[in-house]
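Common to both upcoming complexes is chain A, partnered first by chain B, then by chain C.
This part shows the complex of A and B:
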């Protein structure tokens, strides 16, 4: 009995980690809307943001269902504060320049795609169905971000320098994605979510391959930030939420 | 009493809100029509998870059925199996082309297997014929176009930009 309750709590936590990461990255990417360097990239960024927000509705919708306290995806997105968010630290990093945004996207996509492939094998069919759906979209995200990281890394002196600076800044935020805690371990053992350790080989191979092609150098320092998955965030997330949550908090009964 | 075959016929007249030359049934997103008591239950699958047209599509379907006199309509969402462009009918592909949108080239969707094929990423392995002049001398401008389901292309012969309905 106790074990069943614990597993549901772990699943709620795991679903929030997925949904909060897609939500926060989706919102960050949407901040580019109308401001990207070229029109085509503006549209591409908006489309990627849209996919991520759509996936958020599915993950957080299921999280609310699993929790059983009548919270919807909207309630979870708009009525929780920073410490309740479970997103990866990488995705709350500010956009910086266009290259910085793309590097963040690539480092996330390279994890997101194999993560969804693992989730598609989940014993929980609800999780598997969402992962299969999202996986098809994320395959396109990964192709685009990898392609652009290569073009800009192996581009002009200016674009190369900017991509290297982005990589140097963002690299210490990547470790968290592949280090399981007790929640991740419980979900992996139950066959609901993949073993995060197992994603590292795929992620390493892909990232090394793309960055080498992009003529970029992976930083030597092994230091990695962590805490996002447990609700310990950088100062950036609160500022983002203040903007993102303003309307539903100021006008709680507003309808579309 | 209305039967499901009749409802399918009515649904075949409901246009997609963003690509009005094809219907919601030609797009392949209506997965099931069932009668439950006096209710008509229509099951729809989303194209892309965040596609804003999904809500509009549900609204249009409900409205069309009410206009035909069905008082009790219930909309249901189904995620699995996920929508694929393979479900676009041949007739729909011709209509897309005539409308100026290149139809999907089946079997060319992104697979996510990028490692090992990195060098080919920037290459143009996929040939998309221009829907206006038929030339295969075209180039991808951006992987994303005016809606989530499309990519932006340009014809290098007639120089016209066009949308490509990408394979998923």
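This part shows the complex of A and C:
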């Protein structure tokens, strides 16, 4: 902290963090196509994935514009390698069972919604406009994921055990969302993005309420993984990109 | 055309009631769920609507095969919107079937037990991105041929479901054609993929209408009841007549050396698909039957704890106020 940060470079970085997180989560959710436990969830999962991919187009589109090197949202999505991705580690976690997918969604939504509320107040109107649009969609994502976490946490013995297992596995990946680095701090100071420290109170309250109603126990260990938003990822991301980027990489001359 | 070879049920109802029922249908009235209907009408509709619903659900799988590899964010978003629609169509149709006294779970179990079918087309693989174009262009195109007239079907809930579905299907076909257009005018590799997709999907698309039913007693009954609006051959001819000029526009070759315009009938003469292959696919011997059904079975089995958990929660909510008293 305290290092001099170029604001445009920081904004590019911040926008990639947003767009890469929605891209990677949207992709993960889309892997469920046709495999959900009930038809209503097939529809909901496709809908959430669709919203997240749409948000990716906006965030990465703006990132390319801010960068000014003629990279489009597609160039950024399909022609960067793992170390250039800035998504949170949480969203690249594999789908696992429906409980893991749902818990990952809830823990992310509980951050995403207040984050977008903060971004909607951005001094940069381009950022604010995207955040307002995305915020409407994410309000629904959070409503759905919180509701299902409660119903399955406080459901049958097996559903409770599965939701607790998902929480135990994913919890150590949540810390990164609310720990600012120099980029986050510079953007907060410039009034472009919200102060991540401030999000923690909202996130904690929401998550504690929902998990308590779901009769689930927050793990005691405070250990948290980090590095995703600085480009240090798990092994899982490379495999996802290998699948996702296959066509544009194999046929670089083609347009689709 | 997601319902193939739907055998209509013989009916043994009171002749007077049957005649009155037929008169209502002939007068263009809609039959609603709580009204009297012949048992054969009910059973045939359950089979047909159920098969259509299953086709929507299984039909997500060949497209899901490419959602994760869609070549741009825009294409990924469009494909997601399309499969979301398809799951929605499945939902309307299961609801329409439920009004006839069969639950969604019963229909699903019948599918998994091999007692009900889904369209033969979804047993073919999607091997390249152009196949996603071909599915939209040809498969949805063939489905629309059948579904547009079914908007006028005699059973009210089915007719209303079809009206909603048709609005979305035409968007699906357009997006498929748009993918094909882009591929057919693209690089050499893309043009090759486009032609290859047409080669593989042409005859299976013609099979979607089912074999000729010109002499079928069952079909005649379904047509009288306005459950079936046209013969299979009529719909197939219409599909070929619509599709051949589109293929020409794309610069692609329909894989039928005997295809030619017949001015006398005002339509194309074309080769029949290999019906032996069709019957093998229906028997379970298509390239993807095993995978498709296994995927549905896995979703059903893996999802059991979720469905049970939701029921358990609902039961607790239901009993909570009583316990508090």
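Note that in this section the second predicted complex is superposed on the first by the 251 of 256 C-alpha atoms of A that agree within 3 Å, B and C clash if a C-alpha of one lies under 4 Å from a C-alpha of the other, contacts with A are read in each partner's own complex, and residues count from 1 in each chain.
One rule holds in what follows: a contact is a pair of C-beta atoms (placed from the backbone, for glycine too) under 8 Å apart; a residue touches a chain by one contact, two chains touch by 3 or more.
Fair warning: this is a prediction, and the values are worked out from it, not measured in the lab.
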Partner chain(s) touched by A:77 [first = chain B, second = chain C, both, neither]: second
First (chain B), second (chain C), both or neither touched by A:33: second
Touched partner set for A:147, first chain B, second chain C, both or neither: first
Contacts of A:162 with chain B and chain C, given as first, second, both or neither: second
Which superposed partner A:113 touches (first chain B, second chain C, both, neither): first
Which of chain B and chain C A:129 touches, first, second, both or neither: first
Touching partner for A:43 - first (chain B), second (chain C), both, neither: both
Chain A positions touched by chain B in one structure and by chain C in the second: 40-41, 43, 46-47, 49-50, 53-54, 57, 150-151
In the complex with chain A, residue positions of chain C that touch it: 57-58, 60-61, 63-64, 67-77, 80-81, 83-84, 87-88, 90-91, 94, 104, 129, 179, 182, 186-187, 189-190, 295, 298-299, 302-314, 316
Chain A - residues contacting chain B, complex: 40-41, 43-44, 46-55, 57-58, 113-114, 117, 125, 128-130, 132-140, 142-144, 146-147, 150-151, 202, 205-206, 209-210, 213
Complex contact set, residues of chain B against chain A: 46, 48-52, 79-82, 84, 109-112, 114-116, 118-119, 121-122, 141-146, 148, 152, 166, 168
Residues of chain A that touch chain C when the two form their complex: 23, 27, 30-31, 33-43, 46-47, 49-50, 53-54, 56-57, 60, 73-74, 77-78, 97-99, 150-152, 154-156, 158-160, 162, 243-244, 246-248, 251, 253-256
